[in-house]
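When the chains are written out, they are named A, B, C and D in that same order, and each has its own residue count from 1.
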Amino acid sequence: MNFASDNVHGVHPKVLQALSDCNEGAMGAYGSDPITARAEAVYRELLDAPEAVVRFVATGTGANALVCAQLSPSFGRIYCHDSAHIHRDECSAPEFYSHGAKLVPLQGEHGKFSPDTLAEAIRFGKAGSLNDGRNAMVSITNATEWGTTYAPAEVAALAAVAHEAGLPLHMDGARFANAVAGLGCDAADLTQRVGVDALCFGGTKNGAMGAEAVIFFDPAHAADFDYRRKQAGQVWSKQRYLAAQMLALAEGGLWLDLARHANAAATRLGQGIEQAGGTLVAPVQANEIFARLPAEAHERAISHGAAYHVWQDQPPAKGEPVTVRLVTSWATRDEDVSRLLDLLRGA
Amino acid sequence: MNFASDNVHGVHPKVLQALSDCNEGAMGAYGSDPITARAEAVYRELLDAPEAVVRFVATGTGANALVCAQLSPSFGRIYCHDSAHIHRDECSAPEFYSHGAKLVPLQGEHGKFSPDTLAEAIRFGKAGSLNDGRNAMVSITNATEWGTTYAPAEVAALAAVAHEAGLPLHMDGARFANAVAGLGCDAADLTQRVGVDALCFGGTKNGAMGAEAVIFFDPAHAADFDYRRKQAGQVWSKQRYLAAQMLALAEGGLWLDLARHANAAATRLGQGIEQAGGTLVAPVQANEIFARLPAEAHERAISHGAAYHVWQDQPPAKGEPVTVRLVTSWATRDEDVSRLLDLLRGA
Amino acid sequence: MNFASDNVHGVHPKVLQALSDCNEGAMGAYGSDPITARAEAVYRELLDAPEAVVRFVATGTGANALVCAQLSPSFGRIYCHDSAHIHRDECSAPEFYSHGAKLVPLQGEHGKFSPDTLAEAIRFGKAGSLNDGRNAMVSITNATEWGTTYAPAEVAALAAVAHEAGLPLHMDGARFANAVAGLGCDAADLTQRVGVDALCFGGTKNGAMGAEAVIFFDPAHAADFDYRRKQAGQVWSKQRYLAAQMLALAEGGLWLDLARHANAAATRLGQGIEQAGGTLVAPVQANEIFARLPAEAHERAISHGAAYHVWQDQPPAKGEPVTVRLVTSWATRDEDVSRLLDLLRGA
Amino acid sequence: MNFASDNVHGVHPKVLQALSDCNEGAMGAYGSDPITARAEAVYRELLDAPEAVVRFVATGTGANALVCAQLSPSFGRIYCHDSAHIHRDECSAPEFYSHGAKLVPLQGEHGKFSPDTLAEAIRFGKAGSLNDGRNAMVSITNATEWGTTYAPAEVAALAAVAHEAGLPLHMDGARFANAVAGLGCDAADLTQRVGVDALCFGGTKNGAMGAEAVIFFDPAHAADFDYRRKQAGQVWSKQRYLAAQMLALAEGGLWLDLARHANAAATRLGQGIEQAGGTLVAPVQANEIFARLPAEAHERAISHGAAYHVWQDQPPAKGEPVTVRLVTSWATRDEDVSRLLDLLRGA
């Protein structure tokens, strides 16, 4: 009954198998191997982006921080949601990689900001003097840190605002598969077709061991990116094992199947929580549930071994409802969902 | 017949197996899992260093650059050999991670510098004004970039010079196993017992997929290192898979067996090359051979599919001997060595 | 009638004279001259801090950013007010100099945050995981960016919270003289006696050409600072001319006389604005006035050549009161204050 | 008799006067003042470069490091002479400002490298893998750190090599005036007409207090430079005082007169040293003399109060000739030259 995060779970068997399958023989190092070439091609195809530059790294923080450094100068302003992982949860890796760029947090409900909010912020940055730094890029997370999704039309609207100001749009897709699965759209519909310029396509949270794809839809945005990645210590000598993971996820749509599984578990969990007297804090649109649980339900669940995070700044007050975050994954078992719901209901 | 590098080969089956073996169930993320705890303990034991801080990262460049940033301020001088990987082959990752530290290259035969050379350089740095930066640390590679090794007494002599000036000594051990195997000593004898303060214990070149241990023998040197590693995007959420690789190498002395295999192949190759009319450019003390090959021998080998690097600045002149680098590994097959030697001999 | 900022005015004659007075003869470069030694001693005395390390730089941004880099690692959290100059107005120089430190903005009325707000923020940072970065330092501005001051007891209370968490307290004193003058206290009473660890003692806004003193009260905080300053390009070869400026300000209490003059003009202007139907947005405690002016008063003043900044995010709506910032300085003439007040009153 | 450096001397009276002359009244801050505008125009004219972007900063290290950061990415290779100030004497400020660029030192007699040496180094960098970093820029110092000069044709030849590889050419002109004076050419002949892309036009060593002009001949090279300068803390709020210094030097050709004076003193000193039994280590082409002095002559000079630097790595051996550096300046008096020569001759 571990709902602490999607990264507490292991690696999908097909991903593990892929590591064995590519193990034979000598291959070129640092990405000059055929597995990497194939994986890059597969992701270009998956995103219907024949010109895109695709590169693989092992961590989401590495992927996001590299994109920030690639698209923003040290004196840049990077607009993101106040709850964005790049702003809140990466130990200021984007600032480090970019050598000082300013993350400018925007407000908005359920982890999303609106085109108007973005436009207003960009206007301020543009009107500003040197003191404010230079408008550099916009970053959204999809699915968001509150388990919600930006639909293609919403992404398009944000992209329009960003592009009008000459700013590229980055999508932190640590849970990109869950967003696509939740929205029932195409990967391309959610990205290059609606103006996304750079995508971090997450593998790790979705069954990989440690693998993310960094994708620049316009090769001009990727100029010299290989040097940057190398200098950051994010290039593997045995790159085939990064590529093989991402290949396995792409193969036969495994990435989507796994995300659908996780999302379905989240939906069921969210509905069950409401039935058990809890309240959803944000709509469940991907694989995360943010909810307020009755105190006794929470205590019962915890005391019987359920694992998830309390998600409030203050320690819970005695007897008061507790705000929590639960995350489902490709590895979440139906019986664990059932068991947790039983506990919450006091059944 | 691929002798281009030790990183063109795959992953040892036992390492692959270990990835599967640790796959079951949910575990704490970001290193709070039992596999990581066990692996850290095993390396402390292997190095007879119960107080040491052990951390795992996926790339050698990441490992080295993190240590440089940890032990040198941005205005520090880092003394290393002119051929050091950190100076020549990491796209200035140490400068990037440390935000500007100066790598000061020292001369010396076969990839090694002497205590006198080091002492002289440190003296200059110490006498210098602010303009020169501040003496910060010393880094040696063992086995070196020229396939030679520093014996324990040699390390001790360098450590004495470094410590007298208050500088910590770092060992880039991308091929540490090959050094230990070549010297026939103990891992501890080559490190903490002779004054090494920080060790990058390489796994990748020795049969891992992508795994290195960063070890600080004095915990004071590791202060806040976890933040630094996180900010650099070098912390895996599913850390167990990094740890499991290093554990598999440690288990039953696999790391040493693999290095001995590679070294033996190198020794045989080196001797065979001399018999075939080649000349060794540096003594073969680990798993790399630097040699001058007769032009026709080289051309014959290449034309029959042997892969290795020409190792000279100028393109080879027609008919002149060619300086080359050959690297053996855990995966080098005896028959490949035989075949290459046959080719070189014109047999 | 230029109230745009205190840095639109020139250099006080005594400061200019000091530049001539120290011009004769050869002197040691890079700070090894007797003027610098004397100026450092004078500021140690002025602050009753015989052990303090005093250094001079030419710009306030340089001074603040150097202190941030000195007291925070790249993965540090720097707590400051949401309106802090280091957060809002230095083009992310602190992030650049520190290589990525996170400025964590705190809320509070009139440019000041409370000890409780600080304690709460520090608690969150401490409880946090690696993702949040490490608590590193606290920075306050005095006088604040809203023209208010922290009194000695207020500074002491913030210092107590910071120190309990092991964090040093920095005071951005771009308008330190105005704070001391406004509070009627001693420079030492507002700094080292109440727990300030590092002070940027501004000269530029108070009649210097371009000169600030960076002061670390505990020499341990200043370790290697000279290297850092050099690497940042903030060391002058002809350092005497930086020192001479600061000496001239210290001499005979000129710094305080000038600040008192500026403050008095601000007080008079603030009172006059209220009498003219304006409203003060923040109390006038130093040399800045933030006020809402009736639209017609504002338009009259502007159209007659008064210079000051509109201080609101949105363009003023027709006929609505306008929020403005006015800054007085050592060079503000009484007749300019009178003239502006006449205009505002429609006299 | 101070020949330690050109920065041990004070400020030329006309420069001091200019500071007073521009002191009256309020002016726009951060460079939006008429003095700055005029000074920028004057330097564009002086260099016959109507499109050039001209900016002023206070220190040579700041100027050079800003240019390096502007023209090189963090993973760039910057080619310079082994004795270059940016490589040897700026506490790795270029690495810090650029976040890790690699200074690649080139060899060559008397502080100069040849087009062939440069071409060879660039070729290596180009052929290299990611490991080597990316070729980024070329930097020469003129006059060099060995008191010699690159003539216009020599600069043109280096520029041709650099430009063929797509690299911009930077000239560190801390002693640019001395180079122009020594060569008897035009400022434009030595820069934009022969392919220099960025020039640091030094004022400080030539009679200013602390002022350098950074000039980009192609505005495209200066994109966003104002943000970079701001973030580095190198923008003065009272910018007029930086500009006024540079204006005073330009006025009536003062900069050239001062440099000619310094050069003439150097020439006389160099000739006198040879007559006194010393040997010149490098030709005297600007305002620095590098010479080997007989031991007794050196001791006599020092013991009578002459100040200059011993310029050898090892402490001088008893009775052996001593290699020294002497620097003349705008402020060097004829009688000091005479007195030193008398001492050296034992007169």
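Just so it is clear, a contact is a pair of C-beta atoms (placed from the backbone, for glycine too) under 8 Å apart; a residue touches a chain by one contact, two chains touch by 3 or more.
Bear in mind the structure is a predicted one, so any value in this text is a computation, not a measurement.
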Larger contact count among A-B and B-D belongs to A-B
Note, CA centroid farthest from subunit D's centroid sits on chain A
Subunit B and subunit D have mean C-alpha positions lying a whole-number Å distance apart equal to 41
So, in whole Å, the Cα centroid of subunit B is separated from that of subunit C by 50
When centres are defined as mean Cα positions, the distance from subunit A to subunit B in whole Å is 34
Note: subunit B residues in touch with at least two other chains are 74-75, 90-93, 96-97, 99-100, 130-131, 133, 227, 230-231, 235
Touching subunit B in the complex, subunit D uses residues 74-75, 88-93, 95-97, 99-102, 124, 130-133, 313
Subunit D partner, complex, touching residues on subunit C are 2, 4-5, 7-11, 13, 16, 19-20, 22-29, 57-63, 65-66, 90-93, 96-97, 99, 204-205, 209-210, 227, 230-238, 240-242, 307, 331
Given the complex, residues on subunit C that touch subunit B span 30, 73-75, 99-100, 129-131, 133-134, 224, 226-228, 230-231, 235
